[in-house]
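What follows is a pair of complexes built around chain A, which joins chain B in one and chain C in the other.
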Partner chain A sequence: MEEAIKTAIPSSADGMSRIDGRAKVTGKAKYAAEYRPDGLAYGVLAGSTIAKGTVTAIDIARAEKAPGVLAVVTHFNSPKVPGHQKPKKPTKKAGPILVFNDNVIHYNGQPIAMVIADTYERALYAASLVKATYNKQAHDTKPPSDISMGIAPWGKDSVRGEADAWKNAPFKLEQEYVIPTEVHNPMELHAIIAKWDGADKLTVWDKTQGTQATRDDIAKAFNIPAANVQVIAKFVGGAFGSALQVWPHEIAAILGAKLVRRPVKLVLHRQDMFTSVGHRPYTWQKVGIGATADGKLVGITHEAVGQTSTYEDFAEGPINVSKGLYACPNVTTRYKLLSLNIGTPTWMRGPGEATGAFALESALDELSYQVKIDPVQLRLINYAKVDPENGKPYSSKYLDEAYKMGADQIGWENRRQEAGAVKKDGWLVGYGMGGGMFGAYRDSATVKAVMRADGTLLLQTAVTDIGPGTGTAMVLIAADIMGLPADKIKFEMGDSSLPNAPMQGGSATTATVGGAVYDACTELKQKFQKLIGNGGTDNPDYAKILSDKNLAGLDVTTQSSLGADAQNKYSMQAWSVHFTRVLVHPATGVVKIDKVVSVADSGKVISQKTARSQLIGGAIGGIGMALMEDAIIDHRYGRYVNNNFADYHVPVNADIPQMEALFVNKPDSHINAMGAKGMAEISLIGMAAAVANAVFNATGKRVRDLPITPDKLI
Partner chain B sequence: MENEKFGMDARQQTDLKDPSRRSFIKQSSLLTAVALTPATALKAAEDHLDEQIAGVLEKLPLRMEVNGEMHNLSVEPRATLLDILREEMDLTGTKKGCDHGQCGACTVHVDGQRVNSCLTLGIMVNGKKVTTIEGLAKGDVLHPMQEAFLKHDGFQCGYCTPGQIMSAVACINEGHANSEGEIREYMSGNICRCGAYPNIVNAIMDVKNGGMEA
Partner chain C sequence: MKQFQYVKASSNAGVITAISKPGTKIIAGGTNLVDLMKRGVTAPDRLVDITHLPLKSINITGKGLHIGALALNSVVAENALVVEKHPLLAMALKAGASPQLRNMATVGGNMMQRTRCTYFYDTAMPCNKRAPGTGCGAIGGINRMHAIFGTSSKCIAVHPSDMCVALAALDATVIIAGPKGQRTLQFTEFHRLPGEHPELDNHLATGEMILSVEIPDNNFAKNSYYLKVRDRQSYAFALVSVAAALDIQNGVIRGARLAMGGVAHKPWRLFEVEKSLIGKKPTEENFAQAAQLAMQGAKAYEYNAFKLKLAPATIAEALKHASGLV
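Take a look at the complex of A and B:
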């Protein structure tokens, strides 16, 4: 390997602290369920106890008589949601759950009733008194296990070059890989407070990744003008994709508030988080891969069948990674969906790619042992210099540097290309790596920038921050352009009434909203330069200029997006590579993550401290995916049996070592003026394979069905 | 009988198990006991005053010190300390993450010990001192642990943070912060889904090495 690139490893203390950090450490940050409109009532949902069938009756008499109960809503007595009554386009499936609209049960735990009472305790108790009777039908919750199952959402196979060409390669393998159902499980429970301010006017405090998308969906459902709906999400306690759409409980709370003429707060219980706000779908995959003796890929065939619900199709792209990660002339992909009696899956951090990268990056590792080529070297041999799908140049790509940085930092030279070769203090030691990619997207956003008389800058846009530190990054961008200290800049967000911004999703926020902040600040500064005249100055004294010109303030509102030219010309992607060292106990099968080095090639880093946290946070999500996360259904009842944090394991502090985050930190000059690409998805994508590959390197046991629990290693 | 100390007689205890109790109260002598005429009683029932009476009967006094201030409350015995803090007292810094004692987001100090407030009924802390995240800073001066969490970015979304910080303070006070490994073990009752664990460990080590004022 060439000489490694030396880069300082950022520590947790480096960089500017979060602008909203003080609110978060003092408990002053207010999340969706933490507002107190006058007359607040509490809603609690009751869910179905069967997975398929119809509700024949619901006994609400006892619940209605319970103290403090204001209303018990079911499909028998619910006022209709106007938007739910419109005739739908004829499709094979029923479409999203229209809460309290009909008697059909699609999955176990589907909301069938809501009790509203004057206190939470009273609502909770009364909800336990609601009893439903059903006409039960045979359900199916058994996940996919073969490509023959399900239907292809996009029609026929995708073939680049020759179909199934891997079969003709001198070195080849074909294996099946399984990702179980993973649940986002953000720490904040999904919650909403709905308050009607008039017959057609509504305020909601909601856990959402997009205030305006939520506003529009609610307005449509209740057939009221979008301008009359205000959605507030000042702080969002994580989401990872679970808050990208309006779910039935949100509609239920709004409906309930209308019915009882009081604001209604509805907070899901942890068990509802498994059924009612999406999940990463259980996905069966098969990868066939072949190479020449010198490691050149001949072909990849990647098949995947993901689960979806019986009433909606949720499709993602687990097979995409095989089309784009390596320069391989022949790639065949097949993707299908299997309909089951479960709630509809949704996007979860690294949607599709995280699932696909586990399979592809595991398969590549398996191939490396066959051809006896170091896994990093094997990737460099097949390095894609242009997008293999369309031949377009990349807007920027330094993944090869990322490989070298990571390998150097983990001590890759200590790895042996032979499983079970390294031991330390009675533990087996293994090294593994896995990488990933995700589209670097930039949407359109509008930012209002206001310079106020006191020389402080106010930036406004409707975007939310589910945790990455959006406000902090935006302030740093503005500070750089305006020549202001960060503490003179306020970033106002999380309110649908602010200027347009898209949902926080798809790793696009920094590129999108950051691009708009950049443009708005640039424009505002130019306005000041004009006021100054004579070409302006480098560091204007904004307060003095406003005072001299007798102005109360100066503002611009700027809309910004990626030009079509750049989009057509370049393939825009962000890349990551994760390196792990694991210790496996030979007798107990316990896996200890000993060292992790994650490297992101995501353009220029805007905010060092929060970027580092995001990268290690995503990698920790990948450790959960690799070693513990698995939402298990008892197929006799079609019901999750581990729907809580004691039984659905996620990483805790004791599972995680010091994590090292490295950044290539080279700007992408095409995506936006800052050169920044998104990082949220790539932080996780590839990590599960990095762990699985290290476990194989330590033990010689290849686990292809996640999670890698000790029983699979002994 | 155990319930006697809460001033409940056997009949009331039976009533609590009877879901039709509200109807019972409507017809019972309890309304006349508060000297309402039958006509007024009927009106009272229509106005949901019966529920207000039921509410009073179902409640018990709770006297607790929260963040240095004494509070006299009247709470339902089934109300958790977590819900009392959040819903009754508007102290929403203490978070609800699972309601089952499995995530630690609701961690507060009761007489200096860290507890899951979701597993603690309000009436269990009668006469005790409760400290929540809102009571940790001295005015505008942050507690060293809050400063350290800021400095080391011991969070992303911030939802588990109050619980992490309350737990971290107790972790040091208990003498369980002598190494990174020990901190990891004794901080494992607080889940952070964003994955800020290494930063949390760094923050606690920083405070520990700086000699925290308890």
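Take a look at the complex of A and C:
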């Protein structure tokens, strides 16, 4: 295994740029909405303007007569989607929105009509002419404010050791923490082009994190063989979890294309991104935490209530961090969902854990001031050497090294334990830190590796790259095994017709698909070595061997294993810690992030450049969570009011200082042959607390309801 | 969006004739109008493109600094005359929007931009400014960004511009052409308060267009500052902004100009506060006192009460910067 790790890590190519970087910045990269099949028509959705009730009538007469309109689809006239069947047994909740299927309105902005026209502008105009009348019912969009609200999706509380033991500790605190609804808001809007190639044959260009899962869901909905559906997602302009499932607009476009017998393109508007493709749920949390005078944790009780929709449950794990991050003998967790008239939430980068880490890592910081122990030291005192939940050894954990690297780099020694003690040029200066963890998953994937006559290697698999640089990392893995320069390797992906790969999600792609690339390349190389006999050579001349043996090419298709044994034996986690230095203006409450050091312990780093980008990107997402992001609903109407990029703030360049991304970069010898774990989620997890803790250190003001806007600090 | 006619006018007179017809709007940079059209907030039948008219010049005239209505925000912000004579205007411009928007936006368009009140933008919501008589969504709604001065029971929207706050402070005048010829308006009189007619943002009459603005010479170049407090460091509208200009001689304030943004339906000039500073020394105490005076008549709503505290703090801070105390 050690041997394998050494070979798998390319050294010369550490600084390699993205293989698709040039295509992306020159506009050559084609995203879902950019294809132009002949006869393309344009769909625009009209949404409900009430949050609960039924549609009694929809006047489409004016829209139908508008110039260029090909069809106006509503639940009154929509052809049935064959796979859209109501569950036979009545369940408590209706299940996912079946678009144009019935007259029930579950949330404000729910699609009620689609106009298809020969140009986008005409479709947009005609959609504005669609007028619905409703039988309005009283809605509820108000978020949870305590644990008594909501229903526990997993039944009972989870109790390790003694319940609520923190209450008996000499040093203790109990506080409430709130994160508002956040929206993924990738720069690329959700978009689909659907083109029927026959009665039961379909090509779809789609923004998706999984071409094959999308293919299967579409095939099921339209009751056609999965083999007849091709889903193409060559480039994805960010997704962060919002494209892990098939949403109503995708079904609508496919339905519309069938109806008008033309390919249909449907691009969501920015305001639809708030209602129709999921979000990070508003979550209320309460943490009780107690410690002895020497900082040993006695107990943690972590309660959380997240919002979900009235028609579908979405549950995640905000309380997981409290179970796993520290060696604490007594941990009680309680999680509930509150059903509201909103669209169903979904996974958003660092799902659950990012929410939970804000609460836990803030509480730990508050505790550090009580017990008067440095926050880093407090974490080291409670360092978990084995998984506290099940006693399993970690497959690898160097979080203590990450703490040290981060503390050294930020200049932690300059931090003063008392809050509000440091001033510079009229600004208050504060230091903060916060960390997190996320399960290091590994799935199975299939890769086809083809050595072609000219000595170039083609790798094929259906996986998508939503931005982390998957293709780049895969090429680096292959380059090292095959002994080929990166420019002789082509990685083909983003097409459901390619060999099987799971969705890009849960930080599992590098570990999963990377493992398959590793296996396929290793096997292919062995094939060549066998061909030349005598044990072969370390660096075969592939083109020459093929030519000598009169072969047009040589290929292998390999399915990587799940590695279930190792996954059972070890607790596999990736770890992060973020350090920040912030400046707060005492009079105006303006917060400036002055320096960020993020450290990842995610096994061996495959691609230095893209890993750095990913860690920085996640940390910036955490800055947004800490200081800006807040999707606001006017509860009188149950409708989002800041559903655009001018009013829903994410950080811009001016908000971001020099970001430092550090890696422990030690292989996990159990997860896969490369020793690499994913790092998408951990890049964000813990960052919001690192900022909030620094703001407290600067000002003495503890903000427990995000975002930390200037008005909360004056 | 509704299909519309697009015409290019070849002269000011042509523009005036065109916009005298109902349903016609001028388009210059289009940074606001196109958004409004896409969202269905406004649906003109006809757009008159004026971008090729000779209204871009920035030069000295007998009345001060003349800035053409079509001068780009980015060009004005970097113009040597502006930077030298009225750095406050350059600072305000650079605090506005984003570089990309400033490269398209014109001075006249900046003055004509509509409020960013989210109820105004969402056609499913009530808004007296967009659809008179439908009510104000912001009163009793999400009004964190809204006005604390000069509001009415019909509207509590704010004017979003930074540039206009500086021009209001600098005693600028607006040169307007219309069917009856040219006229001049004090910049502070250009925009209006909502009153009973929030659908009207300003005092331009039908058929009138902005030709230019003029800033009289002053002694403020040395001691001026534009401070914008916002939720992020760029591309965010002001929670509160302050344009502060002082004429300090021998350690005593001889003249002062102050205007606020993000607090009213128009740039909010603080004449009383200016007067109170005359003859005073530029000290932190004097500035804090003056700032409190600015808050007379302020009225907060559910989510914007913080502005009652933030506004005076920002005034005092801007004055400190202007006078060199910071």
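Keep this in mind: the second predicted complex is superposed on the first by the 695 of 714 C-alpha atoms of A that agree within 3 Å, B and C clash if a C-alpha of one lies under 4 Å from a C-alpha of the other, contacts with A are read in each partner's own complex, and residues count from 1 in each chain.
Note that in this section a contact is a pair of C-beta atoms (placed from the backbone, for glycine too) under 8 Å apart; a residue touches a chain by one contact, two chains touch by 3 or more.
Quantities reported herein were computed from a predicted structural model and do not represent experimental measurements.
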First, second, both or neither for A:K592, with chain B first and chain C second: second
Contact breadth on chain A, by residue count: chain C or chain B: B
First, second, both or neither for A:E34, with chain B first and chain C second: first
First, second, both or neither for A:A646, with chain B first and chain C second: both
Contacts of A:G426 with chain B and chain C, given as first, second, both or neither: second
Chain B versus chain C as contact partner of A:T49, first or second or both or neither: second
Touched partner set for A:P710, first chain B, second chain C, both or neither: second
Which of chain B and chain C A:P67 touches, first, second, both or neither: both
Chain B and chain C footprints on chain A, overlapping residues: 67, 121, 125, 644, 646, 651-655
Residues of chain C defined as touching chain A within the complex: 1-3, 38, 40, 98, 116, 118-119, 121-125, 137, 140-142, 144, 227, 229-237, 239, 306, 309-310, 313-314, 316-317, 326
Sites on chain A touched by chain B in the complex: 11-13, 17-18, 20-31, 33-34, 36, 62, 65-68, 118-121, 125, 129, 185-189, 235-238, 240, 267, 269-270, 466-469, 609-610, 612-614, 616-621, 644-646, 650-659
Parts of chain B lying in touch with chain A, wherever the complex brings them together: 19-23, 51, 54-55, 58, 76, 78-79, 83, 86-87, 90-100, 102-103, 105, 132-134, 136-137, 142, 146, 149-162, 165, 180, 183-185, 187-203, 206
Touch list for chain A against partner chain C, complex: 49, 67, 121-122, 124-125, 128, 426, 585, 587-590, 592, 627-628, 632, 634, 636-637, 639, 641-642, 644, 646-647, 649, 651-655, 709-711, 714
